[in-house]
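Each in structure tokens, the structures are laid out below.
The two complexes that follow have chain A in common; it is paired with chain B in the first and with chain C in the second.
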Partner chain A sequence: MDSRNWIDRRFETGARYLARLTSRRSFLTRLGTLLVGTASIPLLPLSRAAAQAADTGFEDPDIEGDAGDPMNCNYWRYCSIDGFMSPCCGGSASSCPPGTEMSAVTWIGTCRNPADGHDYLISYNDCCGKSPCGQCFCNNNEDDMPAYVTARSNNINWCLAHSTTAYNSTVALVLGRADG
Partner chain B sequence: MRAASILFALGFGLAAADATAAAPPQFNYILHCQGCHLADGQATPGKIPPLVGAGRFLSVEGGRQFLVRVPGVSLSIIPDDELAELMNWMLYRFSAEDMPADFEPYTAEEVGRYRQDPLVEVETVRAGMLGEYEEL
Partner chain C sequence: MTSGTHSICTFSTLTGLALAAAANLCVAQEFDSFGRSEVLPEPESDWAFVNYSLVDVTDDHFLGLIGAAQTGRPADIEFSPDGTSLFLVETFYTRGNRGERTDTVTIFDTHTLGVAGEVEIPAKRALLLVVEGTLALTDNGRFLGVFNLTPATSISVVDIEKREFVGEISTPGCSLVFSAGELSYMMICANGDLLTVTLDENGGEVSKERIERFFDPEADPIRESGVRYGDEWLFVSFDGMLHSVDVSGAMPLVGESWSLLNASDREQNWRITGRQPLAVHRQSGRLYVLARQNDEPLDDPADWDGTEIWSFDLATRERLQRLEARPASADAGGAGATLGSTSGDGASNILVTQDDEPLLISAAGTGISIRSALTGEYLHERMQNAPASGWLTLRMP
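Right after this comes the complex of A and B.
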């Protein structure tokens, strides 16, 4: 007769059963899967942002003679930007940094491309969802108006109309020609 | 549906690149309206009302004035003649199927008159008019 009480017996049976089913290797396998899986999750906002850019119809056609340095505040597309330049923050002049999402609601102005002398419609979409980038602040205010003319003021956090309202940085998309 | 809307948006973008100079209403739309109302006139729920369906207001009393008195239109910096042209363009662009058969295009004089009286309580008036429209 087993002198142990039923609780001891049940735990012993359970422990032996578990030991047969599992090994230290299988534990490591599962831990590894968990670590890699968790590390992949922060990548997800990237693809969401890309899908959203396609939805909003913004595009960035190649412009002949689109010369200049997108990391320089004097770059022609930035003639009316007010914010941190996306290329300094891990993105590009036309894409948001990883982990942020491009706002659909935006500020639109025009800039003259010195390379071909034409004016272009430029969309200054804000990148949202992370704290401010803090790099390469650029504030050019061509045709900007005071904040009380809200729709014509670039000094507004356009992420306020986005699902995540934290402002990170700004891109400068070319929408098309503004002159003939 | 999703693919269709993307194709539509891209098509509009390409058209904009070609036609902005020749078509002032479309140019004005991109520069003054599209930033908030997007390329396809869809709403940003809870933030920005849609232009799609705006033609319904024309069938309700005061609706013709309402469309010009809303802040985005009345307080814009677009001159009256271009604004009238833009209104007519937007209505057919985003709400063609809602347009009353007897719609008379806006004129510069008319738009100039309505915008003298900008609307403050936009949401209330808007909801009331859409309610009236549903009962037609």
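Right after this comes the complex of A and C.
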């Protein structure tokens, strides 16, 4: 795939998104107080994600209930994703495809897991170093903010801190409970 | 090699059968010269870039292409005050999409569209989905500011006159860069402040000062895509509020915000949307905006086309027009079916030429439409010789 479209793809959206919008804003309102003060709060998950990705790979926490289908755009963790889903590209929801590197910095969203009804902080790390995967594009923007609120924006190429900024795909790491 | 002529008559008379035809063929054939490239004439007010393709929107004519590197996102295009140069920021890798990264401010000749020079800058420029705010030229035309994101935020300053990198200015918490006076830039901060960065005559940092709470990013954030109107910048919020800031003084002066949506619009769930949602015709003071209906507020309005284009008188705040965003003859956009598409049911980008009789340019994903900005009458429902869509920039801003 032509790498010049790596960002254009993110403008893509689908009719499915429209249906999903219902109640999203009210959900945000509930979580608004949690995320106020983004200058400090996201730093913890950002560094956690970086540290874990750099070590032995990220281990998902145990969450009871139906795990869902990570190759489906409706998968609960993808509520704020904007990119190609890593499981469709040779990786998994928490690991990058072979030959790519997980971005050390990223944007953070909050998604509700329907299996247990709890809200979780999700780190959307880009997989970097190869051209766009082109499979399973998924563009849910829940809680997305403009680019000047960098830690909460998916309108940024989060491969920015790597030696190559080529974007391949995106994972959705569960960092922990957002609702205590 | 120079061009020449050759008589076809000599060849034709070799056969009697050809005699009848020879009368028609017996013309002097001009030989083409080798190695010639077109040079653009003086620019016209109806020339516009669609991303990096330059088109004449009245004549529906493709004029040329800026050969920019494709390893990064198209950024703003800035023009020298005399109009002979344009500036882009580019990203290169020694091995295509990997290897050592080099970022440059690249200078193109506006007549040949060839590279006229480059200035290497720190390999930090922001690679964003948004175009507006990636690059800004101070109003004196001397210093180009490039927005960096690593994710630390800063500005790289380039002296256009000397064609050299001057230095980097750290701007913690503040992003995107806009022209804001003879020697100043303006940035938007994550907490809703505006940051003014002022340079000295050599491009060094003199001061950084904040205007507090230009908007509330938690309650109603502004879109990144502002539009310049004389000494003012206009930004629209997610909730349809128009914010203005006057940059003519030493410090920005925040104007009164007002709603582009009246009570009835709000009742009917109209929203301001699109990637490039605002355009201004300066002479008439008319603002054009993209709008659509959606039951719920949109998390990322840029992904959603406007289905209508509204115009307002900026002085009276009165809405003057409601136009369909694209002609009924336009193809269906194929919502989200292909890479790079938006919702596909309207227009994503708008621009207005600055003539006495301005033209409204709208990009709909399936084609560029040209119409009178005053009457809405179409000149081209769909341009045949232009890219289907893209970020729109006037050649003579």
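We adopt the following convention: the second predicted complex is superposed on the first by the 120 of 180 C-alpha atoms of A that agree within 3 Å, B and C clash if a C-alpha of one lies under 4 Å from a C-alpha of the other, contacts with A are read in each partner's own complex, and residues count from 1 in each chain.
We take it that a contact is a pair of C-beta atoms (placed from the backbone, for glycine too) under 8 Å apart; a residue touches a chain by one contact, two chains touch by 3 or more.
This is a predicted model, so every value here is computed, not measured.
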Query raised in the report: Does the superposition put A:175 against chain B (first), chain C (second), both, or neither?
Result: first
Report task. May I ask you to decide whether A:139 touches chain B, chain C, both, or neither, giving the answer as first, second, both or neither? Result -> second
Query raised in the report: So, A:161: does it touch chain B (first), chain C (second), both, or neither?
Result: both
Query - Partner chain(s) touched by A:123 [first = chain B, second = chain C, both, neither] - result: first
Requested in this report: May I ask you to name which of chain B and chain C touches more residues of chain A?
Outcome: C
Query raised in the report: Given the touch rule stated above, what does A:108 touch, chain B (first), chain C (second), both, or neither?
Result: first
Query raised in the report: In the superposed arrangement, which partner chain does A:149 touch: chain B (first), chain C (second), both, or neither?
Result: both
Report summary line: After superposition on chain A, the chain A residues reached by both chain B and chain C are 105, 145, 149, 151, 160-161
**Report entry** Parts of chain A lying in touch with chain B, wherever the complex brings them together
**Finding:** 54-59, 61, 104-110, 121, 123, 145, 149, 151-152, 158, 160-161, 175-180
Report task. In the complex, go through chain A and note every residue touching chain C. Result -> 2-18, 21-25, 32, 36, 38-39, 82, 105, 129-131, 134, 137, 139, 141-151, 155-157, 160-161, 163-166
Query - chain A-touching residues of chain C, taken from the complex the two chains share - result: 70-73, 91, 93, 97-101, 126-130, 133, 149-151, 153, 173-176, 187-191, 217-218, 221-224, 275, 294-300, 302-304, 335-343, 348
Report summary line: Note: in the complex, chain B contacts chain A through residues 2, 5-6, 8-10, 12-14, 16-18, 20-22, 27, 30-32, 34-36, 38-40, 44, 47-48, 72, 75-77
